[in-house]
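Here chain A shows up in two complexes: once beside chain B, once beside chain C.
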Partner chain A sequence: MTESIKHENLKQRQDKRFINKETQTAAKYLRRMKELSGAPEGMEPFYDTLERIYVDMEYIEKKPGQKTIGTYCVMTPPELIYASGAVPVKLCSGNYTAFSVGENIAPRDACPLVKAVAGFKQTGLMPIYEDCSIMVIPITCDCKKKIAGMLSDSCDIMTMHIPASRNDDDIDEYIRQLYDLMERLENVTGNRITYESLSNGFRKVGYAQYELSEFIRLKKQLPYLIRGSHAMAILNSSSYMPADVWGRALHRVNAALKKRIAEKKTVTSKKLPRILLTGSPIVFPNIKIPLLIEEMGGIVAGDETCMGERGLWDPAVITNDSFDGMIRALANRALRPCPCPTFADNSQRIYRLKQLIKENQIQGVIYHVLRGCLVYDHEYKRIEEELGKLGIPVIRLESDYNEEDIEQLRIRIEAFIELIKLKQAPEKAVAVRRSF
Partner chain B sequence: MKYLKKIVIASVIFIAVGAIAYFAYLFPFYEPETSDFSTSIEKLLSADYLTALIPLFIIIGLTAAGIVLVIVLRKALAKADKKQSRFADARTGRHRGNVPKQKPVWFMILRWTIMIVFAFIAIWGGLIFGMGISALSVPVLSCPWNTEEMTSSSCYYLSHLNELFELPWQSILIFFASTIGFILLLGRAICGFLCPVGLMQDIMDKNRQKTKTEGIKLNEKMYGAVTPARWALVLVFIGLCFAGGNFCNFCPAVAVSPVLAGMSTSLYISGFLMVLILMAGFFKRRAFCMVCPLGTIMGFFHKISLFRIKKDTQSCTECGACYEACPMGIKMIYTEREKVNVTSANCIMCGECIRCCPEDKALSMTCAGIKLYTSSRKKIMSGYEPDKTGRYAK
Partner chain C sequence: MGKYYIGLDGGSTYLKAALIGKGKVIDTMVRSTGIDNNGTARKIAAELCSRNSLSPSDIGYIMATGYSRKILEVADDDISEITAHAYGVRMTAPKEYRPGMIIDIGGQDSKIIYLDQSYGVKNFSMNDKCAAGTGKFMEVIAQILETTIDNVGPLSLKATNPCDINSTCVVFAQSEVISLVARKYDRCDILAGMHQSMAKRIIKMMKKTEKGVDILMTGGGALNTGLHHAFEEELMRDVYVAQYPQFNGAIGAALIASERG
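Moving on, here comes the complex of A and B:
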């Protein structure tokens, strides 16, 4: 008896410590982000969402009785989830506290993202995880496969097989899986997915993508219009907001950016080195790398990470107005344009990077590798070679959710930025532009 | 060895199709009381026109019946299947709501207008505007048995090569000059912009999209399997005249064009082929164009004709939307990463790939280097544009 009470007490103390640490880290990074100069108007809804999820530890915003569906990776079509009347929430986590709990569960070489997910599920304290009626897990790497098995002990899961190539047969197979997913979703939510509800799902996500296209178009026009960390916060929070709400909030940011263009205002009057961030996902609160880049005097002018621009960029193009045509569009969008390194031949990622470099006038690339994320690490070599041909400097930053390596990262990033500054022509004395 | 199988299949199809074509005219399925090949504007306006149209009504009725039958059968099959039964209703039923659609693009409006205008010219043009330019041959499948065509179609002499060389040399010259001129100038844009058979299939496809019926999606293998049939048809098209028959005997256009022009003719096998083509065109956009012999011949010239599909390989994200949209199943258009010119011999210049391309300036259609139509993110997302209050369109 006393033993169990003791145990209970210990658990309570552990939980309390976990919550304290978790909310503190999240609040700290949120504060650092807010302290960063040059945020456009209309950022509040995004900050509020991140705060709500990670600091206040609440459920995501939804109608009463609405089910939440947990998803991982960009391959789960949110359109289907909206069509079933539920809200999707992306569960890929960047949390340090959960990561340290997860280290005791997952093997040493597992990636921090998976450890953090395992940690959250182990403590059972994170509302967005506990609230999920079902988790949809595309098997994009070995870690995801094993975490799926681990999660199935405590939660309803559905795995989706991601093929190694993107041929016609693979698309057909994925369509079959999407029908299976729909069946599961219908069973979980109790709603039927109809032609009408599916096309409304398309409208919701399409609207978010419409605003995103506008956002990226504006961002491209002038590289210093918004800081990459702020953009990252906007894109990260899309995981925890219904698409239409997110789109509306982004609409306001777009309006603010348009005003900046009209008034010729930029986040800085100086010529900052423009950095492209690519590689493993950067998930709040593990945003130390974009923050470091911008605190060290660079600007993240483009990102090619799956929790960033890439995740929402490609629209599902309906070429066939039938119900099946819509599902086809989803399957096609999920696999073909996706530059995820899970695919055997992923040369399209290099083209995508080259495109981003050209469009955003990138001067250097930072390749982020989460320790244990083998698929991304594999592609580094090839990308380094290809970008070397373009004369774009690349560095590989290996890190996890730990904060202990922050000084080391700072030194490396600072050196990289200095290197780019040396390469670019010395700044001419220009009339001082208005800045914030 | 790789091609042996294809050659064998092609020859089998050649023999079978050739036999059908050879004997096709022997079996009239419907005969009017008097076969009357004369026509006039007065006839078009009189009640006689309706009787002349009977073969067309038969074709339309059979097509509609066939399509309904296929849909009903498919639904029954889906219902019987344990796995598919759940979504059988969602996939085949009548639906409320509409998919979000991008706003109409001028290119498509222009294409449709040209197609419809040309179909008018090819069927009734001679009656209305006279036969002033009837010596010009345009390479389209529009039946020259309809003697009131304003321009003639090259398909007649291409499938009657033995007759061609019996003509006076001036006619031969005009025939070759106009045919080759059109092919060089327009290439297979003729298929996408002018061909009346193409128009009929496009109308069927529009109907399918309107009724939200599920189509039949071909994959790479199936597109590959069509190739032997295409070559067999080219052989029949060019070669059968030397064996005493000819392609016109069973050409699907022969069942429609003269009838529409007001000529009272019988309905032969060609009419039933037309039914098949319309049905296939309903479920698979431009199904006949995949095997069209005239189109294949025009395809030989794709490297020198003026119309091109160009690609900015840097902007492409390989999303495959163009491939999904392409009625001819050209995969190279999204996998190509080196060449700028992605015009293929099969491309009919319908512009669908450009309409569905979500990347700015990734695909464009050019004529002699002038950009006619370019893909744009803004256009493709125009269906999702919010209303004035900033709310997404329901």
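Moving on, here comes the complex of A and C:
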């Protein structure tokens, strides 16, 4: 009896420590993000969402009784989840505290994202995880496969096979899985997915995507209207906000950016080296890399990451407006244009990067590799070669979910930014009266 | 505006300064970093001027680099070590050097910098979490073997049978060396073994696919002839040593200063 009380107290104490550490880290990064100058008006809903999820540790905002569906990756179509009356939440994690717990669960060479997911599930303390009626896990790499098995111990899961190529047979197979997913969602929610409700799902996500395309158009403008770190906060929050709510909040930011154009206001009058950030996902609170880039005097002008712009960039295009046509549109969107390195042939990614470089007048590329994320690391060589032909410098930054490497990252980022600056015309010194 | 430029390299162990003008290195100076970085920097800049009969107004621009670069008030601006070293070799590399790779062995870190043909930085990798493979490591071992850092190189070149030192951590390597001493191994062999193990560790950071380029050593560590020899042996190719290796960062900073001033 006494033994069990003691045990319970210990667990409670440990839980409390976990919560303290988790909330402190999240609050710190939120603060650093807010301290970065030049944020436009209308950022509050996004900051509030990140605060709600990671500092206050609450469920995502939803109607009473509404089910939450956990998703990973950009390959789970949110349209289908909205059609079932549920709300999706993306569970890919960037959490340092959960990572440190997960390190004891997942093998050493597993990637930090998966370790953090394992850590959250182990502690049972993260509301957005605990609230999920089902988790949908596209198997995009070996780590995701094993984490799916691990999660199935305590949660209802559905894995989705992601093919290595994207020919018509692969798309057909994926469509079959979407019908399976539909059935699972109907069972969980007790709602039928109809032509009508699926159309509504499309409308919700479509609206968010429309606002995003507008945002990206504004973000491209020179001189800059918004910093990449702030844009990353907006994009990251889309994981924890219903698409229509997120879209409306983004609409207000877009309006603020248009106002900036009219008032000729910009982030800064300085010429900041324009950096494209690509590679492994950047998930709050692991935003140290975009923050460092911008704190060291660069600007993240391009973003090709799956928790960033890639997550919502490609719209589903309906060419046949039957129900099956809509499902087919979802499958086509999830697989065909996706520049995720899970696919054997990923020339899409090179094409997309070149497109982003041109559109955003990128001067250098920072390639983020989460330690253990082999698929992204594999593609580095090819991308370095391809961008080398364009004369665009690239550096590979390997990191994981802790703060020990911040100084090392800082000097690498600083040197990279200097490298770009030195290619520009040097700033002339003003005459000074010198004395020692 | 003056026609002379100063580069200050505030390293972890020493503060180095270089005075350049008319496209060449005019003077260099080194002091222990001490606790007053700022004061030392000011003094060293003043001394460089007076020693070369220059007045402060002859100095067009002062650029700082190294760990303490952000706090050196005497400097007009600062630049990272990586960029500074890449610039420095433009002045300090031997004529036949084809850029390139640079191995920089500092007091507290070591780095590999890859350059394109026009000496621009292409990429770099560095070890800065750990003292193994740095000048500090050499100092610790020299102390155990009752010699000084200047003698470490020449002594090791007398080795006939270099010892194996396998620990990758400076603390463990230290105890390994102590046990070798206890087993009466020759001091020269121990030092040669130490250089081999340092070279191996640093080479691990290196991309071996670079073709048609030469390797240049910079930093205080390049003054160590034994370490230079170990690199050549381990890489099985020639390794160049920069002129004024210890001042390469400071010279690079001065060179960037000359583009600004």
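Convention: the second predicted complex is superposed on the first by the 425 of 436 C-alpha atoms of A that agree within 3 Å, B and C clash if a C-alpha of one lies under 4 Å from a C-alpha of the other, contacts with A are read in each partner's own complex, and residues count from 1 in each chain.
Here is the rule we go by: a residue touches a chain if its C-beta (ideal position, glycine included) is under 8 Å from a C-beta of that chain, and two chains touch if they have at least 3 such contacts.
This is a predicted model, so every value here is computed, not measured.
Decide which partner touches more residues of chain A, taking chain B and chain C as the two options.
B
Go through the superposed model and pick first if A:A329 touches only chain B, second if only chain C, both, or neither.
first
Just chain B (first), just chain C (second), both, or neither: which does A:L422 touch?
A:L422 contacts chain C only, not chain B.
Per the contact definition in the header, classify A:E414: touching chain B only (first), chain C only (second), both, or neither.
second
For A:I261, using the defined touch cut-off, is the partner it touches chain B, chain C, both, or neither? Pick first, second, both or neither.
A:I261: touches no partner chain.
Tell me which partner A:Y195 touches in the superposition: chain B (first), chain C (second), both or neither.
Only chain B; A:Y195 stays clear of chain C.
For A:R203, select first, second, both or neither according to whether it touches chain B, chain C, the two together, or no partner.
Only chain B is touched by A:R203; chain C is not.
Which of the two partners, first being chain B and second being chain C, lies in contact with A:L390: first, second, both, or neither?
In the superposition, A:L390 contacts neither chain B nor chain C.
Applying the document's contact rule, which stretches of chain B touch chain A when the two form their complex?
Checking each residue of chain B against chain A gives 83-84, 86-87, 90-91, 93, 95-101, 208-210, 212-215, 217, 219-221, 313-321, 324-325, 334, 337, 352, 356, 358, 377-378, 380-381, 383-386, 390-394.
Can you list the residues on chain A that touch chain B in the complex?
Of all residues in chain A, those touching chain B are 166-169, 172, 179, 182-183, 186, 192-197, 199-200, 202-204, 206-207, 209-211, 213, 217, 244, 247-248, 251, 313-315, 317-326, 328-329, 332-333, 336-337, 339, 347-348, 351-352, 354-355, 358.
For chain C, which residues are in contact with chain A within the complex?
Answer in residue numbers: 1, 42-43, 45-46, 49, 56-57, 59-61, 74, 76, 79-83, 120-124, 126, 128-129, 256, 259-261.
Within the complex, which stretch of chain A touches chain C?
Chain A residues touching chain C: 393, 395-396, 404-405, 407-408, 411-412, 414-415, 418-419, 422-423, 426-429, 431-436.
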